[in-house]
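Common to both upcoming complexes is subunit A, partnered first by subunit B, then by subunit C.
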Partner chain A sequence: MKIRDLPPGDVRRRLARGDLVLKVPPFVARLRSDVDRVAEDLKLLYADFELGTTDDFADFHLEVLREGGLRRWVKPMARFFADGEPAFSPLPAEQGFHMVEWGLNWAVSTMAHPYLSYHAAALERDGRALVMPAPPGSGKSTLTAALAHRGWRLMSDEITLYDLATGQVSGMGRPVNLKNVSVELIRQFAPQAELTRPVPDTAKGTLALMKAPEQSVARIMEPASPAWIVMPRYTAGAGPALHDMPKARMLLLLAEQAFNYDLHGRRGFEATADLVDRCECLDFEYSTLDDAVRRIDQLAAEAR
Partner chain B sequence: MQEPLWTVHRPGDICWRDWDGLGAVYDDGSGDTHLVDALAIEFLELLSRQPLSVAQLLEQLADAIPVEMDADTATALFDRQLRGLRDLGLVTTVTATA
Partner chain C sequence: MKPPAPLLPRVLLDPASALGLRPLEWDLLLRQARRGVLLAKLAVLLKPWLAQVPPGPRHHLHAALMTAERQAKLTHWEVSRIQAALQPLDVEPILLKGTAYLMAGLPASEGRVFGDVDILVPKARIADIEAAFLAHGWNFQDDLDTYDERYYREWMHEIPPLTHEDRGSSLDVHHTILPPSARIQVDTAALFEDTRELAGLPGVHVLAPVTMVLHSAAHLFHEGELEKGLRDLFDLDALLRDFGRDPAFWAELAPRARKLGLSRPLSLALRYTTRWLGTPVPSEVLAAVSTGVPAYQPLLDACYDRALMPDHPSCDGPLTGIARLALYVRSHWLRMPTGLLLQHLARKAWMRMRPTPEAAAEA
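Let's turn to the complex of A and B:
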């Protein structure tokens, strides 16, 4: 059964009881929340995801709960808990689902150690994966959202999992984080994209989440062979330009952007070196989404 | 005074990969990963086999030194490079034994 198959009101009820079990392969998360916004966004963003049962083993137990006190009448706040422990400072309840997403990222990156997990987007076409590690402000998520609506399968926006045993990459088909002007940019670029109601005035500006396209979620279990590692760089006015990036430099970037590279020690280094060794490593400067998508499509076509 | 011999510091902890003029070195002791140039990789390759002095490194890498570079400049370059690698904890000096 998928989230979309639940009768009206059931997502909210399950969340309130703390028995909403969400399958985000390869993980299972058990969620609890009394924040209306969490139910609203979960129904939209995870509609195509399978539900588990309370008998399933859950890798993570995540909660977003309203804070008590008089302030709740003026500005409702919510707090995130992982396995019963508070993990972040309280935030306005309107950001409840962003807390679930950040919490999932945090849980995966701190607990999913059969994988090397990189702060990187991953998209797939013809069985080959495009991995995009990038520091904040590079336009990674915006480009990822655009590619996901132009024939690329969205594997991940935030966390790319690199299987140390198979050398394949996978994602969890989770939503794409959009900020500020990117929200409107994606609405215009892909009117079919399903976005949450934007949350204005957060510490990061206006936030919205874009649902992964249904066909991406349907293939969530399929890993892909990494073929390209591209560091996107939004530069106002720049034409789309791909340049070779030294593999050693890309290795350093991936190491910096990895969540658990240190934990894997030498094995993490060797695996990351193998990853860059087998991929084309590129720096990608762009300014418009149409041009950027065209150039990335061309890159994929050249490899056929 | 005898020239110091250089060697890889904690060789069991240090590993590296190189591609086209740039390399990455991982130090399992510190957990650090360093970006280094091709000369540093050459040093690590040679010093991992046996301790060598700057003069011996110059001799072994003679082909890699630009023809227009005089001996003093090359010695200073090698010395500087080795000190840089020592500061990163990747190489160290050892006392020569008779």
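Let's turn to the complex of A and C:
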């Protein structure tokens, strides 16, 4: 059964009881929340995801709960808890689902180590994966959202999982984080994209989440062979330009964006080096999304 | 009568019993273990059966083993850096707690996860030692205010915690094992007389077995960090089982506790390790430390039986909250004279009521 199959009101009730079991392969998360916005956004963003049962083992127990106190009458606040233990400072309740997403990222990057995990987006085409590690502000998420609506399968926006045993990459098909001007940009670029109601005036500006397209979620379980590692760089007015990047440099950049690379020790280093070695490593400067998508499509076509 | 044991201690005492658990019980077991800082310990004990553990929990156990291995590697490096910083001063540090168990290769270190490196050094040299650490890249936390500073300097048995600016590692520098303001007065000079130099690391010491056990007991029953209480009780269990193979250890234990002023924590340590973990302790040793048990001991049992369990909602009974509070107050009462205690608790309550800087910025 999927989230979309639940009768009206059921998502909210399950969240309130703390027995909403969400399968985000390869993980299972059990969620609790009394924040309306969490139910609203979960229904939209995870509509195509399978539900587990309350008898299942869950990897993570995540909660976003309203804070008490007088402030709730002025500006309701909510707090994130991992299995009853508070983490992060309270934030306005309207950012409730962003807290679920950050919490899930935090849980995956700190507790799930059968994989090497990188702070990177991953998209797939014809069985080959494009991996985009990038520091904030590079336009990675915007480009990911655009490609996801132009024939690329969205694997992940935030966390790319690299299976040490098979050398394949996968993602969890989770939503894409959009900020500020990107929100309107994606609405225009892909009118069919489903976005949450933007949350204005947060510490990071205006925030919205874009649902992964249904056909991407349907194939979450399929890994892909990494073929390209691309560092995107938004530069106003620049034409789309792909340049080779020295592999040694890419290895350092990727290691910097890895969450649990040090934990895997030598094996982590060797696997990351191997990943870089197998891929075409490129630096990508772009300004408009149409040009950028066309250039990345060419890259995929050349490889065919 | 002690309350029934939660799932985690039952499995830790009988690891093979985990193989019959249902998915939801595995779920609970792992959450209790994570909260109790015992996940890696659980993983170590389950190693022989790891292949039979269902994939979900197995990944978490495997991750915990990796984390523990990583910590062991980092700690070796950290200790070598500490030694390098202190060598020019001719100061030989004594490693304490988790760091000591690991570096001495004791069974107690298997799956024992810790956050900080703890060392003991002579109080007379503290100023030089502090300067050496600051010169070698360690620093005090930014948010240390004048009250905290005074709290450490005047009343505590350690200087404010140090963090290494490049490695992010924490270092606690102690000059004795209980606060000088504490009701129990520890014979600190005697601690320094009774150490063992590490075979692989000349100039670095750990406390000798009997003293190490006494320190572990004093830490658990006087410092009141009970959210990690079960882990600390397992430390004591592992130390006693390991050192206890030598009869001379048992003969020395109670007399040494008297000399150091630590008979009471030893008595509690032996009481609760035998009571909860079935630790083998010779009856004459138990008898020797059980003289002078206070009339309120049953009340203390009722508190410790609850508060030593993992700090997870699934382990809480109706009285757990009050038991934890009572022991928290007890640990503070033991730590400082009444006037100072009231002043300190009032200050803590006041600080808790003030919003955190992040919350204030958000508002």
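Some observations on this one:
Here is the rule we go by: the second predicted complex is superposed on the first by the 304 of 304 C-alpha atoms of A that agree within 3 Å, B and C clash if a C-alpha of one lies under 4 Å from a C-alpha of the other, contacts with A are read in each partner's own complex, and residues count from 1 in each chain.
In the analysis below, a residue touches a chain if its C-beta (ideal position, glycine included) is under 8 Å from a C-beta of that chain, and two chains touch if they have at least 3 such contacts.
Model, not experiment: these values are computed from the prediction.
In the three-chain model built by superposing on subunit A, subunit B and subunit C fit together without any clash.
Look at A:Ser89: by the touch rule set out above, it reaches subunit C but stays clear of subunit B. Note on the composite model: angle subunit B-subunit A-subunit C, taken at the C-alpha centres, equals 70°, rounded to the nearest 10.
Of the two partner chains placed by the overlay, neither subunit B nor subunit C lies in contact with A:Ala303. After overlaying the two complexes on the shared chain, residue contacts for A:Ala112 are found with subunit C alone; subunit B is out of touch.
After overlaying the two complexes on the shared chain, residue contacts for A:Leu252 are found with subunit B alone; subunit C is out of touch.
By the document's definition of touching, of the two partners only subunit C reaches A:Phe57; subunit B does not.
Using the contact criterion defined above for the overlaid structures, shared-chain residue A:Asp262 touches subunit B and also reaches subunit C.
Between subunit B and subunit C, C contacts the larger number of subunit A residues.
In the superposition on chain A, contact is made by A:Glu270 with subunit B only, not with subunit C. Closest approach of subunit B to subunit C, taken over C-alpha atoms in the A-based superposition, is 7 Å. Residues common to the contacts of subunit A with subunit B and with subunit C across the two structures: 262, 265.
Across the complex, subunit B is touched by residues 246-249, 251-252, 255, 262, 265-266, 269-270, 273, 276-277 of subunit A. For subunit A in complex with subunit C, the touching residues are 28, 54-59, 61, 71, 75, 83-85, 89-92, 111-114, 203, 262-265.
Those residues of subunit C lying in contact with subunit A across their complex are 22-24, 26-27, 31, 34-35, 54, 56-57, 59-60, 62-63, 66-67, 69-70, 73, 312-313, 356, 358-359, 361-363. Those residues of subunit B whose C-beta lies close enough to touch subunit A in the complex are 15, 17-24, 26, 28, 31, 33, 35-36.
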